[in-house]
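Common to both upcoming complexes is subunit A, partnered first by subunit B, then by subunit C.
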Partner chain A sequence: MTDTRLIVGPFNRVEGDLEIRLDVSDGAVQAAYTNSPLFRGFERILVGKAPEDALTITPRICGICSISQSVAAARALADVAGVAPTPAAEKAAAMLHAVENLADHVTHFNLFFMPDFARPAYTSHPWHADAVARFLAAKGSAIHAAIEARAGLLHIVGLLAGKWPHTLAIQPGGMTRAMTARDKVRIASDLRRFRRYLERNLFGAPLEAFASLSSINELEGWRTGDVGFFLMLASELGLDISGRGAARYLSFGAYPTNEGPLFKRGIWQNGERRDLDSSEIYEDLSRAWMLGESRHPSSGVTVPDELMREDAYSWCKAPRIDGHGFETGALSRQIMDGHPLALALAGEGGVRARIVGRFLETARTQILLERLLSEIDPSGPFMQSVDLPYQGMGEGLVEAARGALGHWVQIRNGVIENYQIIAPTTWNFSPRDSAGTPGPLEAALVGANVKEGEETPISVQHIVRSFDPCMVCTVH
Partner chain B sequence: MSQIETFYDVMRRQGITRRSFMKYCSLTAAALGLSPAYVPKIAHAMETKPRTPVIWVHGLECTCCSESFIRSAHPLAKDVVLSMISLDYDDTLMAAAGHQAEAALQDTIEKYKGNYILAVEGNPPLNEDGMFCIVGGKPFVEQLKHAAEHAKAVISWGACASYGCVQAAKPNPTRATPVHKVITDKPIIKVPGCPPIAEVMTGVITYMLTFDRLPELDRQGRPAMFYSQRIHDKCYRRPHFDAGQFVEAWDDENARKGYCLYKMGCKGPTTYNACSTVRWNEGVSFPIQSGHGCIGCSEDGFWDHGSFYNRVTDLTQFGVESNADKVGLAAAGVVGAGVAAHAAISALKSAQKKTQSSKEEV
Partner chain C sequence: MLETLEDAGISFLWHPALSQETGAEVRDLLTQIETGAIVLDVLCVEGSIVRGPLGTGRYHMLAGTGRSMLDWVQSLARKAQFVVAVGTCAAYGGVTSAGENPSDAIGLQYDGAHAGGALDAVFRSVGGMPVINVAGCPTHPDWVTETLLLLAAGALDAGQLDDFGRPRFYADHLVHHACPKNEFYEYKASANALSQAGCLMEHLGCVGTQAVGDCNIRTWNGDGSCTRAGYPCINCTAPEFEEPGHAFAETPKFAGIPIGLPSDMPKAWFMALASLSKAATPHRIATNAVADRVQVPPTIKKPKS
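Up next, the complex of A and B:
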């Protein structure tokens, strides 16, 4: 096969727009270039606005991770004021956030990832008919069940926060609505219903059984539910060795509380975990259509290069730590939290590892939600006054479903002077930096199998979607 | 058109029972404010009319409208998305990718020329020749114009497509532009909100499919059945407003008691939407019920009217509704209420004076 160049895009079943350029020779991807073609300029819009307005504007970066944006903004403002939400509110906000992340994982698997196995390219495989029946885009039985279950789960957000997406109830000092004893009963029944869905459809077994797996051997013995179906596909198609990353992971720690995040923070490099110092983060702009130099986000700038210079190829900035890109998401979170199965998958780091990371987190998050609900004391308080200072700086670090999300705000003369956001897919789908180091997806795509005549290589589809990209967040 | 299946055929194929179908028809009639006599009409239309093809395209947006849409209340409403109205082309949900997807769009346009509805989520950015939103190598604005050319009508989903939304907030870095400023020769139905309520979205579509015409629109192009009342008119906290009982801080006793959020910046008095009646997430709640004021997300320019926590100062009161097209119904209520209303007006006016003067002090 001769050298060819493929432009793959637009991608369906991802949030937002994405285009990837592939250099292909000898039936494999040699180099990949990720272009995020959608820019809206939120960081510029926020400048000059009242600081509290970030609570309304930033969630609108993304209609599917809007609570994550909301929590990050509230945390950043609380940080400026030097306060934290009340303990009861922290738990209630953690519940809302965890519900959104859980809903996103289920949506990703059923609506965005699995329909690729129903493609005609797999017709010759014995499992293809099953894949079509369950996961054919917009028609499969699993998809209907997932949409219904998730709508029910999101009742919890509706109840506590008024509406989803784009809730307004999460504030720097807590929640505008106190959870009542009656809410607790209703939420408990919503959670029971969702657990039933997970155990019947996704896992085909009790969640605790999956959450207690501790090795790849045990994982490969799992046969039930759609999880079992996926694992069978994964071993048949070699998804364990497909799309392997550099095994560098990052997590800001999910669901901050006064006792620390409920899933731990840290970075993973050279096979071991270490603490994360957020001041090490910087964004490299050399291959992005952005003007300016590499900076820490607290002093970062967003000036689009209207000439769209030749050597750049994306609106996305390239976040780095010490010259390296880091992968972020459910797998990273579970690794940082020290779960034995996630640790066993850290070195594998391919399509299967990312999907299993999400399964693991799905099971553990449902269990976590049930625990949080039982711990929340309806007598509160759920809110405290916060006086935002006239000037100051703050950062809000949280974990969206897709990984590490950071907001950095600078207030001066009572208005926002600078606001910078690094979203999970900004990390995962970053372009190259000044040293030419590719972003995590770009690196993971190298070696992907391209069959003769394939214009949208199926292996590339699996790898791209295994990251669960959210392109609207990426550039914002 | 004869080769196209009816809605009922499509639904039957999806394994939806007759009983469930009839239930959907009656819920739809209720949502649209129609009497039970309309139920058989809706059912008949769905059984006999060919389904309407829909092309759903995404511009500069956050996908929140799709997210809202696929969570509407009746279990069948999700099938509205997934099967009943076949979304012949949709970026987020469909199976194809790359060139296949582009080809699918082209096929759909050719096949249903002049008969399809174009649903637009998001809007086109016009700065730098549209380069801030590229779909399939071309600016979104080109895809939009191309798809609109042969459409029967256009639905502008959400605040983005209708008005611009937060991405058009000053300084509007990409010059995000609402659909009606780009497409000027087609009927356009605006369904604003960020996002719109799921039941409003399915209600609008079902109406168009059932009666084969556009719903009645107000002067701003919004379906009157959902956007003719202010949040304030049907707000369950309204009695506290009338009584001058307000939340003054997020954590005060009045917040606990569920008093009116007007002083916390609630835009309910100037916002036309169905949140306080239809509510959200299958009717469980809405923002004011969660203790936060309305931000007015279904109103034009809501993102640039000063802070979301500033008080509304151009509040129209009973009897002085300046915009007859917008209201009228509040006036009717006042006539009926007679003397009691008079007392309320006085209380209201004095309460308002207070708030307005305190605003000036700030």
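Up next, the complex of A and C:
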């Protein structure tokens, strides 16, 4: 097969709208171009609003990363005022945020990623019948179980934050509802139920056993649960070497506390970790349908190119540090936190590594949630009053399920003068930059196998979904 | 959820999060619906419809098709027995149309509170209905499920929709109904700041006495609702809720008196009742209203022996 151009879309089982253009020859992808085909302009919508209105508006960017947006906005405003939430509220907000991330990981694996292995393309494989029984889209037993378990887990958000998504409970000074001892026992019970689901279905073993794996060798010996099933598929289909990235990772650090984030912040490049200085970040606009120059988000602008010029191909900007794109997400977070299994997978950096990064984080987040809950003092204050200054700048850096999320706000004369957001998938699915350097997904797709006659190549689907993209946040 | 729909005979032709089909398979399906080879009973649309830039709709292209979502929705709506707008954006434009409305967003059959959107005001689907607006930001999952169940049962007609096209099974209630802050409301015992237990109407922007929705009757994610979690109802089921004309969590006032009145309440009566009840507020209620937890429990009356 030589020199074909494929347009892949609509791309489902990703959140939002995605189109990918592939140049294919000799049965493999030679170049990929990622297009985020929806522009809404939330950054512009916020201009002129009361600063506190960011807490109402930004969560509505997304129905699945809503708490992440909420926490980022609250942190950015708290930064302007130079305050932090009360200690009890900080833990409660971290707990709500971790619940959302955990729910998203389980949703991604069961509903978005695994159904592709139940496709007719794999009928000849001995494991296909099992894949159909567990993961056939909308029908498989694992999908039903995941939806039910997730709904139960989100009761924690209902109880403390009113509803999911789009809560207004998380504020710069704390939470709008103080917790009680009764809430704690209810939440403990919800968490126990979710642990039981994870241990029975996903891991088929105690979470601590998976969280203590420390090498690829030990990982490949894991046989139980749907995790074991995936690892078997991965080794049979070569998912370890499929969709490999450039091994550059970034994390803003998850769940900020006054002692630093509970999963550490940093950058991984050339096989080692270094500290991240957020002032190094800039967004390149040369291949995005955006007007203006490359800028740090604190002074960035969002002016869409209404003429949609020919040499651009996406509404997504291209965030870069020192000319490089960075991959972000669960694998990045666990690498930055120094977990030995994640470090062992850092160089592999393909489909399997991303999925295993999420397994690892799922196990560790459940354990973290149980610890956070036990540490919350329900008699403590959950709110302190915050006076937002009439002018000022603030930065809110958090980790959504899909990776690093940043909000940058500038307040002038008591209203929002500028608001910029860089979402995780803005990093992962960025278009090329002025030097022609492709974004992380674009690079990871090069070399993907395309079979004769395939219009929507299955290997491309595995690679794209391994990133767990959230396209609605990408452009916002 | 999946079983509930399946048991009612409802199956997905395609769903962006649940279906297996991607790319070329979806394009084939859409073509067959347009040619009439596949019957479309219900078209559900999430998200506002964007008309920008410059009226082209190209701010939102349906990936892989070279056509705008505006174009697709107008085409598919004509084939559907019923059209359902899921969420306030799809119904009226919603948050996407706030501020300067950068993408020129509108709803399916409304532009804010004005009839006529991506589909014109007189549009009726094949089944003879206007767009059914399951408004809410977010919409309640059960509002969506029950709307689909009612359609499948042939039990939803235009008379079951309110003036903004919302199903009356949830829109005939107010968020105020079953709000746990009702005793505070009765005495206008108000919270002064978020995280205080009192009523949020007087100072903190709550419009639960005017907003439609059974949020406090059926509750969210188990036991939740906005007011149960201590933050105001912002009327997210209504057109133009995204532009209240003031900060969301602040009550606009004239001469110290809130401008918005509870639905169906004459102003003079409200003023008279409010001043009387405020003067009569028991100590317990006045104290608890400005605390984050109950400070004064109800007096326990012992049974007469």
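Just so it is clear, the second predicted complex is superposed on the first by the 476 of 476 C-alpha atoms of A that agree within 3 Å, B and C clash if a C-alpha of one lies under 4 Å from a C-alpha of the other, contacts with A are read in each partner's own complex, and residues count from 1 in each chain.
Please note the rule applied: contacts are C-beta pairs under 8 Å (C-beta built on N, C-alpha and C of every residue); 3 or more make two chains touch, one makes a residue touch a chain.
On a predicted model such as this, the values are computed, not experimentally measured, just so you know.
Visitor: Sharing subunit A, do subunit B and subunit C clash or fit in the superposition?
Guide: Partners clash after overlay.
Visitor: Quick check on the superposed pair: does A:H324 touch subunit B, subunit C, both, or neither? Answer first, second, both or neither.
Guide: neither
Visitor: Pick one for A:H125: touches subunit B only (first), subunit C only (second), both, or neither.
Guide: neither
Visitor: Just checking: does A:T180 make contact with subunit B only, subunit C only, both, or neither of them? Give me first, second, both or neither.
Guide: After superposition on chain A, A:T180 lies in contact with subunit C alone.
Visitor: In the superposed arrangement, does A:C62 touch subunit B (first), subunit C (second), both or neither?
Guide: It touches subunit B, and subunit C stays clear.
Visitor: Classify the contacts of A:E455 with the two partner chains as first (subunit B alone), second (subunit C alone), both, or neither.
Guide: both
Visitor: Go through the superposed model and pick first if A:H166 touches only subunit B, second if only subunit C, both, or neither.
Guide: both
Visitor: If you lay the two complexes on top of each other, which residues of subunit A touch subunit B in one and subunit C in the other?
Guide: Residues 7-13, 15, 17, 19, 37-41, 44-45, 48-50, 52-53, 56-57, 60, 63, 111, 115, 118-119, 136-139, 143-144, 147, 151, 154-155, 157-169, 171, 174-178, 304, 306, 308, 315, 381, 383, 385, 455-456, 461 of subunit A touch both subunit B and subunit C.
Visitor: For subunit A, which residues are in contact with subunit B within the complex?
Guide: Answer in residue numbers: 7-17, 19, 37-42, 44-45, 48-50, 52-53, 55-57, 60-64, 66, 111, 115, 118-119, 136-139, 143-144, 147-148, 150-151, 154-155, 157-169, 171, 173-178, 304, 306, 308, 315, 381, 383-385, 455-456, 461, 472.
Visitor: For a test of understanding, state which residues of subunit B touch subunit A in their complex under the given definition.
Guide: 14, 58, 60-68, 70-71, 75, 78-79, 81-83, 87, 90-102, 125, 128, 131-137, 165-167, 169-174, 176, 194-195, 249-251, 255-256, 275, 280-282, 284-293, 295, 297, 303, 306-309
Visitor: Give every residue of subunit A touching subunit C within the complex, in rising order.
Guide: Its residues touching subunit C are 7-13, 15, 17-19, 35, 37-41, 44-50, 52-53, 56-57, 60, 63, 111-112, 115-116, 118-119, 136-139, 143-144, 147, 151, 154-155, 157-169, 171, 174-178, 180, 304, 306-308, 315, 381-383, 385, 455-456, 461.
Visitor: Which residues, counting only subunit C, touch subunit A once they are in their complex?
Guide: 1-3, 12, 14-27, 50, 52-54, 58-65, 94-96, 98-103, 105, 137-138, 193-195, 219-232, 234, 236, 242, 246-250, 292-293
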